[in-house]
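Both complexes shown next keep chain A, but they swap its partner, so chain B is in the first and chain C is in the second.
Now for the complex of A and B:
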């Protein structure tokens, strides 16, 4: 039993890496703050806020990709739907937004299961294209359904008015919009980690994502796992949608407008990996918001910031086509530049075994 | 005693029939090997027995009961285990987690859920909780000492031989009556092949009957009690392993001279 509880080389390696990256980031921020003044950290805060939302959404999107093998293009509109369900509870039933978010979480989980039962289960075994096309259709129906029911009007959640707290002039934070969003993002990350690492359902989900056939042959209830994946995916969409509405307004396109950003986060992180979704979300969110001072400094409009995450995405894909945390496909022989950096900081797991396997097989 | 019997199985993929009436049986305590050229339908036979493919005709019985077309999940609960030919571990799960998955069908849910399909099963299998599953994993790993230090490594980072061991260990988690194993020696160096085969003999010695598909016909027959030779989806030869090894036709055609 002893070795089960041991702190393993793998977790030590990962912790070391996380520490190194965090330290580099903090040093980078400190350098920025001393060079350009402390108010530049406002953009970092905005970056973390956006990242939190993108991460929640990206985890949800990547979970379904992992289990069902297709990109759910309805995901943006499911986020919007989540925001509107919360809005309904918030406005019409005059309950706090927290209740709205909880109701929305549950409703969207059921919507997800319903989507699987009614549509996507019927397309199983037909390759990735039919479900993608179906998901585009679902997205159109949801988005225009919302327009039909709730009009194209913009809404604002009813939340208690709290003024922004200034730290220094030009740098401040808002309890709900900034800290609330980041806290929710963190809570979701931790929940997903617990689900995937410590529960049988989560392990079964990872197993099914790894290899559906083997999961079935092992006796995993892959139907139950699939429903659970849809429930997780869509309830995460609802929360991401509520957060989007919270930092801006609620309109029929809020989710759709960030869908590409969420896709970018998933791709940068490595498709199908929830941990990759976290990394990708951070990279995408921070790069978009922190590019603003840079753009302004160059005399360009800050409106160009929406392009930056995609430039970053392309750069990452050139260095590492399978994303930051994605597993290289077996045919990938080239050791990429970034791989060498990872080797240098903490070592790449399995490098030795790769060589052994190649010579053996 | 006949443990498992397949009679006149017709099966395939979609419209394409691969097995045209294959029969085989496994007696208790036996190792039976199925050999034959590439594409003969050996894997298809095992998948059909294990409920991954549904036969269009024919019957599979286990301990005298009809299990034709029964889903794998139920067969695992009944006491069968299957190790596929390739991709037989979950690469992103640790070795320990792979083993845990091997016992997932017996994992008692903390909340009784309507979808817990174990209810109504004739044998009412013994359910386990997480710590019992852990303990069972440690017991199982005792059979594979070289995996002990790697319990927390991802299976995908192990060597081919180690992964084959993980797959075997995973399938032994519930101490099955029957182990169906598809080409355990595929892609392994000769030294490792012997190692895997000796593990299979060991598993058989502990009371599990084994159906083993193999390319490595000579070595397989050397450890088996009986053998079947398939060709283009039909039974070609069958008999005691010793006889097949000595049969000149068989030797010329399937044992490489």
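Now for the complex of A and C:
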């Protein structure tokens, strides 16, 4: 654990940057609160609540994205499955929800390994599209299987009733809904950091995600690493699903409804980077919830808030396709796409020279 | 496949022409044929994008929605807001052919706009970005009540031909004829396009984009064109859907499930050839239509779950086909150069 305490110049720089961003954010919040009244902070609270769920899910999704190289479209439905397993334990076995979450954590880890063995191992090396198609198939089976077995009815977890604590009128605070989700999100972030930095398995996972062939050559059992990645990914999905059910209701589409948010978080943060997933989750969750007062101020319906994360995502895709925290590919140019458009129109002088230089290099 | 899953022929049979029992089943089959043609158009558009060019579009439902709403707004007579109905933008009463051009233009230009930033991305980014685009469009369609009438949807959309004693059978046959005509014309046009040098470049982009670039082709422009034309075809599918269904609403008909079922159709039929897309559309929509027909005969405990079981079958088909027969039933003709 000595490594934590040793400050390298890089970690010092990162820490400084994080401090600056946090300070700006706090000042921004303070400005908002003084301008529009303190109740505006309820949207921030909702944003943090959503963020912590999206972060847990996005870490899980990005782990498998990094190692297996495909977008798992079944992830939303795996979250739903996790919520329903917990619901089953919570209702039919009359145990506390904590036990439900633990059982569903283990069950979903097994489901993940099963998916790899049965389906996705057979699609290795066939490019990104076939696994996407197969994962949509898995999603359809899981979602409609849940509908067929548990009906489309909405359920609520059995948790002890705790009233909301009002801080000021209009701004409340709930132990489970607010503190619980944020605490679980933080705990998962820290445990992932420990897993990836201080354990051999985590180091092997990072190596495999970085370069599969090289990892194999160094003697890493990449098959085992892939199973571990699936287990981590799907068990994170189960916890995210339980949290989703906790702040709302449990229904067959809860996971699918946030799937695109999770994807947006993964892309904004940079695919394959768990730290990026944390940043992306924060950006996505906060931007969605905190856009509500803005939209209401503009006279638009607050239902449009779901569009905001995607606008952020598209902006990131245009300006920085490798994400906020991702590593740029060796030959990436900053405004590649604008150049392409200008090339297509044929209006940019010097396009020919550029092309020549590229083919030469 | 959340298309108005239950054809309303039961009520029509009971109400309009109780005597014409023998045409009832034909009306029903006609419904199957024209909805299949709608899906065939969607599948042809997706086939041009993915089968020929390798652009994996996950926002099919979005372009479909644009075409459908453009048509609905263009051809409906004025509908003032009333109690229980918020009204919608419209009242232009345009002819059908003009609506077809409008919806193709609308969907095609939106597709080009979506393609500009996304088409250069890897297949998985493209899929996520287009899926997000389609979902945002659906949210807009649900919430922009002054234009789309919200969740209530736009209705009634006039029949293509009004018969004097209203006849469900004749209406169905007219729609089948329109659909078949459009499909035939499109097949000829697409055959020419894909066999032309232009189509050859598209296939080259799919096989090896860098090699095509090295041959001096502007692959970005080709991908943009393929995506826009594919989007325009989906817009045309929206047009056909609107004039044949007479009623559109945003929640079910344009859900991501539509996109997924079009994928199944193209994968089942075989990507990269025109017949495959059409065969796939008729086969997979046939599955849905059969499940609707069987609903009346199924045992009671299965009645509610039969739709879910159908979607589970679709999911299983996707997985099994992509693993064991990714080239589909009708595989793309191998072209060998000598």
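Following the convention adopted for this analysis, the second predicted complex is superposed on the first by the 326 of 361 C-alpha atoms of A that agree within 3 Å, B and C clash if a C-alpha of one lies under 4 Å from a C-alpha of the other, contacts with A are read in each partner's own complex, and residues count from 1 in each chain.
Simple rule for what comes next: a residue touches a chain if its C-beta (ideal position, glycine included) is under 8 Å from a C-beta of that chain, and two chains touch if they have at least 3 such contacts.
Every value quoted in this text rests on a predicted model; they were computed, and no experiment measured them.
S.K.: Under the stated touch criterion, which partner chain does A:218 make contact with: chain B (first), chain C (second), both, or neither?
M.R.: first
S.K.: Looking at A:141 after the superposition, I want to know if it touches chain B, chain C, both of them or none. Which is it: first, second, both, neither?
M.R.: A:141: touches chain C, not chain B.
S.K.: Considering only touches as defined above, state whether A:203 meets chain B (first), chain C (second), both or neither.
M.R.: First partner only, chain B.
S.K.: Output check: A:313 vs chain B and chain C. Expected answer is one of first, second, both, neither. What do you get?
M.R.: second
S.K.: Kindly classify A:260 by the partners it touches after superposition: chain B alone (first), chain C alone (second), both, or neither?
M.R.: A:260 contacts chain C only, not chain B.
S.K.: Of the two partner chains, chain B (first) and chain C (second), which one does A:166 touch, if any: first, second, both, or neither?
M.R.: Neither partner.
S.K.: Let me test your reading of the model: by the given contact rule, A:37 touches which partner, first (chain B), second (chain C), both or neither?
M.R.: Neither partner.
S.K.: Scan A:71 for contacts with chain B and chain C and give back first, second, both or neither.
M.R.: In the superposition, A:71 contacts chain C only.
S.K.: Tell me which touches more residues of chain A here: chain C or chain B.
M.R.: Residues of chain A touched, chain B against chain C: more for C.
S.K.: Which residues form the common part of the chain A surface touched by chain B and by chain C?
M.R.: The overlap between the chain B and chain C interfaces on chain A is empty, containing no residue.
S.K.: In the complex, go through chain C and note every residue touching chain A.
M.R.: Listed in rising order, the residues are 50, 56, 116-118, 120-125, 127-129, 131-133, 135-136, 139-140, 142-143, 214, 218, 220-221, 224, 260, 263, 267, 304-305, 308-309, 311-312, 314-319, 322-323, 326.
S.K.: In their complex, what parts of chain B are in touch with chain A?
M.R.: Those residues of chain B that touch chain A are 50, 52, 71-73, 76-77, 82, 84, 87-93, 96-97, 100-102, 104-105, 107, 115, 117, 130, 134-135, 138, 148-149, 151-154, 156-161, 170, 187-189, 192.
S.K.: Under the definition above, what is the set of chain A residues touching chain B in their complex?
M.R.: Those residues of chain A that touch chain B are 1, 3-4, 6, 8, 10-11, 200, 203-204, 206-207, 209-211, 213-221, 223-224, 327, 349-350, 353, 356-357, 360-361.
S.K.: Show which residues of chain A lie in contact with chain C when the two form their complex.
M.R.: For chain A paired with chain C, touching residues are 70-71, 73, 119, 122-123, 126-130, 132-134, 136-141, 143-145, 147-148, 151, 260, 263-264, 267, 301, 303-304, 306-307, 310, 313-314, 317-318, 321, 336-337, 340-341, 343-344, 359.
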